[in-house]
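Structure in structure tokens, see below.
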Amino acid sequence: MRIAAFGEIMMRFTPPEYLMLEQTKDLRLDFTGTGVNILSNLAHFGCQTSLLTNLPDNRLGEAAKATIRQLGIQDRWIGTLGDHIGSYFAEMGFGARPTQVTYQNRRNSSFGMSGTADYDFDTFLAEIDLVHICGISLSLTKETREAAFTLAEKAHTLGKKVCFDFNFRPSLNEVHGTSFMKEQYEKMLPYCDLVFGSQRDLTDLLEMTMDEAIEPSKQFEELVHRFMTIYQIDCFAGTIRQGEGDKRYLTGYIFDSEHYVQAAPREIIHLDRIGAGDGYAAGILLGYSESWSLLESVEFATANGVLAHTIQGDVPLTTRKQVRHIMEHPTVDLIR
Amino acid sequence: MRIAAFGEIMMRFTPPEYLMLEQTKDLRLDFTGTGVNILSNLAHFGCQTSLLTNLPDNRLGEAAKATIRQLGIQDRWIGTLGDHIGSYFAEMGFGARPTQVTYQNRRNSSFGMSGTADYDFDTFLAEIDLVHICGISLSLTKETREAAFTLAEKAHTLGKKVCFDFNFRPSLNEVHGTSFMKEQYEKMLPYCDLVFGSQRDLTDLLEMTMDEAIEPSKQFEELVHRFMTIYQIDCFAGTIRQGEGDKRYLTGYIFDSEHYVQAAPREIIHLDRIGAGDGYAAGILLGYSESWSLLESVEFATANGVLAHTIQGDVPLTTRKQVRHIMEHPTVDLIR
Amino acid sequence: MRIAAFGEIMMRFTPPEYLMLEQTKDLRLDFTGTGVNILSNLAHFGCQTSLLTNLPDNRLGEAAKATIRQLGIQDRWIGTLGDHIGSYFAEMGFGARPTQVTYQNRRNSSFGMSGTADYDFDTFLAEIDLVHICGISLSLTKETREAAFTLAEKAHTLGKKVCFDFNFRPSLNEVHGTSFMKEQYEKMLPYCDLVFGSQRDLTDLLEMTMDEAIEPSKQFEELVHRFMTIYQIDCFAGTIRQGEGDKRYLTGYIFDSEHYVQAAPREIIHLDRIGAGDGYAAGILLGYSESWSLLESVEFATANGVLAHTIQGDVPLTTRKQVRHIMEHPTVDLIR
Amino acid sequence: MRIAAFGEIMMRFTPPEYLMLEQTKDLRLDFTGTGVNILSNLAHFGCQTSLLTNLPDNRLGEAAKATIRQLGIQDRWIGTLGDHIGSYFAEMGFGARPTQVTYQNRRNSSFGMSGTADYDFDTFLAEIDLVHICGISLSLTKETREAAFTLAEKAHTLGKKVCFDFNFRPSLNEVHGTSFMKEQYEKMLPYCDLVFGSQRDLTDLLEMTMDEAIEPSKQFEELVHRFMTIYQIDCFAGTIRQGEGDKRYLTGYIFDSEHYVQAAPREIIHLDRIGAGDGYAAGILLGYSESWSLLESVEFATANGVLAHTIQGDVPLTTRKQVRHIMEHPTVDLIR
Amino acid sequence: MRIAAFGEIMMRFTPPEYLMLEQTKDLRLDFTGTGVNILSNLAHFGCQTSLLTNLPDNRLGEAAKATIRQLGIQDRWIGTLGDHIGSYFAEMGFGARPTQVTYQNRRNSSFGMSGTADYDFDTFLAEIDLVHICGISLSLTKETREAAFTLAEKAHTLGKKVCFDFNFRPSLNEVHGTSFMKEQYEKMLPYCDLVFGSQRDLTDLLEMTMDEAIEPSKQFEELVHRFMTIYQIDCFAGTIRQGEGDKRYLTGYIFDSEHYVQAAPREIIHLDRIGAGDGYAAGILLGYSESWSLLESVEFATANGVLAHTIQGDVPLTTRKQVRHIMEHPTVDLIR
Amino acid sequence: MRIAAFGEIMMRFTPPEYLMLEQTKDLRLDFTGTGVNILSNLAHFGCQTSLLTNLPDNRLGEAAKATIRQLGIQDRWIGTLGDHIGSYFAEMGFGARPTQVTYQNRRNSSFGMSGTADYDFDTFLAEIDLVHICGISLSLTKETREAAFTLAEKAHTLGKKVCFDFNFRPSLNEVHGTSFMKEQYEKMLPYCDLVFGSQRDLTDLLEMTMDEAIEPSKQFEELVHRFMTIYQIDCFAGTIRQGEGDKRYLTGYIFDSEHYVQAAPREIIHLDRIGAGDGYAAGILLGYSESWSLLESVEFATANGVLAHTIQGDVPLTTRKQVRHIMEHPTVDLIR
């Protein structure tokens, strides 16, 4: 299955050794973004992947494309437009100190300024089987919103699979408010086959209600299946984070039209507190593209999400061999 | 309240990534010192702060002053004298390996060689409301001892608040012995309003005895109140470190003339094993300067002390917003 | 003389060791800008300086202010507005390879979005004697343009000295074109006392013509004096770069209403190819504020400009002592 | 023209800041090799390129392939075999101190152990128009020698262009001696269309003699044309380095069957003393593939060779725009 | 006791800050090897130590010798031969992600190519009291195998103590298979006095069987004593790693001909997951050379092994003072 | 010839990439000192060397000794005393900006506080043939002065060669003044065989006068021979730096009782502006210890001094092979 994504390439600046911005002049530059992260991981799993986006026609755009290729993603569908790349600074937390993310201008980025007319969706879609669209596109700008709708609609019409990730960030939506955003999501969902989301996305954003008449332990399952029926979704997946004392655990879940499967929780030990979600999504997409059982998918994806937290930066670089290794030999901490 | 400190600026050299000195030629240079640490933190809390000290009139002195300003502390009261800055090397420990601090010559530093005649205390005191004096001044040299006494006496006479930190280090007092040091502390305490110290400072250094006739759980409280009465201290504060299994906890306590309040213990996860004490002191001073309740002060100061251990170096850079965030949302480990 | 500047704080990202962006993930972050550079240098010369600008109210804004203070500049007049700081990447050239500067979005920065209403010019002006305004303000946005005009007019009315730097960058003016920009500069110049510029600024931007009737060697002098008369400028200064074989030389010139003085050329050996202009301007401003002779000023400023090229980054950190040392002992290459 | 190369991927380890190995524990790792360097540069010029080689099936092989992709080279024809990558350490020289290269085992590398049977030459050749083969293959091992012959013969038979670089290193040929090596080169040359080499390659290795009967200034030209006639070579090119005082200059030359053209010498200022030859070759190949005039090719290639010395590492990353810029604006040292 | 070792010096390349190879170009270079590690630690304990090995006669060989000397080991017995040093890359694991070691060619290294004729064993043995031989020598090449046998035999004949470490790595023995390796070990053991090994070495490699007739808790003890009797071994020692929840513990054991002593388990907190074994061995050898009680030895060695995991790299740099400090003050985490 | 030195080990802190102290928190730590530099170089030339000095008994002392061993110098004669190591910061200059050295306290260092009673000179002298004493010892403290005299006298009495380096630094002698220092040098010189110095040392410090009656070009020669006769010196050597345009040249000279030989000037291209003098001295000592001709010595030493400027730090690491290589192949800038 040829997998593609439509989304933003951002710059991430990270000070070394858990330092705060006032403590150092040294930064590490990574190119990242939901699409980049998922495709990079799928490429490391052996899939053919390509990213559809725009970058400035300058030295930063060239450097970004070099990284995209290094990650194993085809750069053929990356056009040039505008003169800015969005960015964020990640001051890495430690212990009680949270990781602090500070965003710089994203709306005026090459991606943020690119609308439907700036892409050749038809030719692009002819070459792929599944396209991942990140919910950020619905929040960012009018142009990204329209481009996302057009792409999803065209893909759906052509029988290509559409994978959509809610990825709802209140901080990006202060201007429009939730009811505007609800409309956008409702417009997108009918085109989608796979959806990544949480219970809160369904209740708070889409304003669906839990059926309190049924047994509490079944309410989430019923809610999701109801959602999937409304929008004719094949597969819905996401993760839950739980704490027990000072330990944190990650558990993935997945639904098809009939079943609901949850993975065994895995302890999270963070090197980087950003990025497990994209690792989890890549795992689910791999299973989906190769028709694994739900259980296989969710177990693999959860292990991969936990591994993503042990890798610096947002971009998971795990291979199948590495994921399987920690699933089969959880206590081996040195391989030679 | 305009807050000032009188004390030494030191250089701290730290190898990166927990390396030992033989393993690397790379060092990180920070300018530090009890006064620097507390004032920097208070400046980040929004207070107006200034440091009274001396530095050499050379490139190191200039670099030290640049750092002082960067930390938000006024450098107007930093004079020049001598040609040396005291220093220490901190080899950062990991797991069972302790952090190893190695001091270089401090007695011949610009600060160590500066006596009463080398400062303009009167003009300085006219511009401030509270001055912090570190107990190290009593140990370092004859000159620093005398300067500290003169400053404390003048401040007291002028009705300025004097805050004193025991900070008793046996390693700096091998020459004189404890009985000489006891005299110095006894000479200083009558000028003081706020004191930072521990039970051991009162029993081992001042040779006060616990009243074993009363209930054990009340003995510490009685001892401190007795000490406060003798020297007419308004406020006494400090911290206790406790272990439970392999976990460590920090608890702050504070006394006014009538009450004794202790904070809830907070788990310590170290990035740097040096520096929580100054973070705690800054929290207490903030509360004092703004007339918070004892409980508010001690809870805030303890949280700040724990945060100080999650920041590299001795200098706490926390803001009110950050401290309140971990007090209100203790499980949030990523802010964006 | 209390000197201030009105202008943008930018982030400069520089890869280490002359590497290109594709060759490293490491960047050095500096905060810079014409105002920052000139004020920092004046502060190192012992002047009292302050910067009038806006920054975002986030971690980047805090880090920027810490640097401003470290450089010796007062941060009292730095307000908060918006959520973005403009930036540029500097890939350092070597030999035949030019230094390559790539700008990121500046128009949407906190400074770019701040107009007259976002500053308290009156109170600010009451505290200073001279204000430096960079020509970039005229190019950046409608808001910065209007703020610059208002500030210059108010300062002029109050009898404060206004120093203006043409700093005309075609790349920032592609939208408006030269004739629009000419109008803006013509509107600004009547308020100005000191101006930094070049022959090309007068002929190409202001469309003044050289008087070809007079002796060629006198034409530049005549042109500048004509310009100074029109706009009632006290002092006009700038630099010329000349090549001879593979060597490059810097020469400063300065005009008052009657005289024209040029410094002896000094060889340029670059550590960093960016930043000599601001070093030169700081030297001229120092001489102006202390009423030096034109020759003293221009010689000092040229030496300082050459020194600025031997320091990494845009911000000159030279002291009077250092500048005088290379003027008096040009062959000493090691001081101990 | 689809351009490919057959050759070794090596690791280059370089200490930072001109340090010697005893002075640091820090190394920079680059993946390099004649084929890598030339193809990377051609990819940056916009050509479609691919590398035919083998790497170990381990983490180093994966990392090497990631770099190949980042450089813009297709990694489709990189197979896996063996468990070793050859390497060298480059201690960068400064002034009188030469750059010191120390090779580690190359013969037992994945490439060194791969023979004809380990490649699928036929399918590979079907996808390309020109293949570059480095003379190192003739020296390295019996396996690389045979593979190189088979590939060249097959390419020649299929009418694909074969480009061959003498690249004769005595240090790699101590075992066999020159007469054995002469035979190998004589076996290879009949398959070749383009050849990179020097006068010394023809006289010392192939033992051809200069015709001393003709005018000295014509002898090199006559020699090369004689060589080209014998082996039916279309194009022969190379570089000469000249010193004048303490300056060094690079001049490229190129021959077709009838003409001999030399570029104007360009001054060399080294950031890295390794790598100009591959930059020059990439320039010539670009001109060849686009049928430029000999003069255009040789001028572009020489400028590119000089630029290659201003870039750290062996891999030239120049674009057409950058090369043309230094050809057209040789004195511009800052672009913004 | 003058202690020596016979073995390989390798290069270890480690990316910084837990990065994977694709994420950085920076590597740290250490020189390591079982002999290097043990001798360095013994030298830091105050013993006189020397290493018998060969290195290439080039810049890498010189740099390796400089490190050997820095570690406190005499370099007098390091000869020159060949032109290659074996190496490995260690990508440091974090949390669930294992440390990944990738070996590069070791068989063609200077040590791997050196046989009996390349050493002067007699003169060497005259100067030492005990020689440590690592089992890797038996696996590496025919030459190292023969050299190891000759050395052990000569030492044994001269009455010098021979210490042997099984160090059996299946990955280095894929060519020969276990039965061949069994023969080699059986040939070596009769010359040995001290042996480091595990239960698995005796059962899987030497194919000895546990006596299931006796009580399970006594079977290991009986097995080892049987083994010691067969080969006339004085002392057998090793470590066991145990997990309990997510904690890991290290326990050392030691046998003399009559006794079996085990240390109290110590929790392992890793900075580096490689190297505790050599730290443990150094502790045991120190006790042996100074005739400590078994209990003293095993407690000290276990504490030292745990400390080795808190130090970056394979080479333990602990002193007696440091080991004793964590034994006596296990909760002190800051020394000043 | 077994060569030793008596002198101070210092710490040198150097910011990376020509940065000034305000621009970075990163420093490189080297251990250095005249004795260290000369012995290290001689050790790299193959001589047996040892350093007589004292260091603190702490982690810094241990780290210093590790470096001494790494450099190839025996650490057997390094005792422990005191708790401080002197240091200096070297901000590396570039172009017109001089390298700026800032010293920290040296008088209170372990070496500075060690007097005659703190060394075992007799045993030490029994093991060596020549001892180098640096003139700094005469300036530092009363203790170092007396120790130097005692050592020189004992060595002289035992017939060991004494090599003395004027190394007169006015900055270290501000307390005593020149006439006091003159007496000290006059007391030392009668014990000496080899002396390193300059014309200025003889005229300004020793107050000898040039014989203006003789031909100017012969006056220096006559002066030195007169000096050598007075103090019965075998060998006097030093260097002259000359400028021609913007180029700098180094020329060494050497005198025996009858001859005066000067080397051909060599151009200096600095990586580090500190350290050529010690490289020159090491070259002269090598020639002296192996009875080379004066011309051989002075040519080798001058080439070595020039090489020392191309190596970072004060410590020359050149080998005979490297020095001879640049003498024989001055234009080769890449060795492989």
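First chain written, first letter: the chains are A, B, C, D, E and F, and each begins at residue 1.
Definition applied: a residue touches a chain if its C-beta (ideal position, glycine included) is under 8 Å from a C-beta of that chain, and two chains touch if they have at least 3 such contacts.
Listed by chain with UniProt protein names: A, B, C, D, E, F = Carbohydrate kinase.
None of the values given here were measured: they were computed from a predicted structure.
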Practice prompt. Report back the single chain whose CA centre is most distant from the CA centre of chain C.
Written response: E
Discussion item. With centres defined by CA atoms only, which chain is the most remote from chain D?
Written reply: B
Worksheet entry | Rounded Å distance between chain E and chain F, as computed from the means of their C-alpha atoms | 42
Worksheet, complete the sentence: Distance between the CA centroids of chain C and chain E (whole Å) is 63
Response to the item:
Two or more other chains are touched by the chain E residues 17, 20, 22-23, 25, 62, 66, 70, 100, 103, 270
Practice prompt. Please name which positions on chain B make contact with chain A in the complex.
Written response: 16-17, 70, 266-271, 303, 306-307, 309-313, 317, 322, 325-326, 330-336
Worksheet item: Okay, in this complex, where on chain D does chain A touch?
Response: 62, 66-67, 69-72, 319
Discussion item. Show me the residue ranges of chain E that touch chain A in the complex, using the header's touch definition.
Written reply: 17-20, 22-23, 88, 93-101, 103, 169, 171, 243, 246, 270, 273-274
Worksheet entry | Of chain F, residues touching chain B in the complex | 13, 21-22, 25-30, 58-60, 62-63, 66, 83-85, 87, 89, 91, 100, 102-105, 107-109
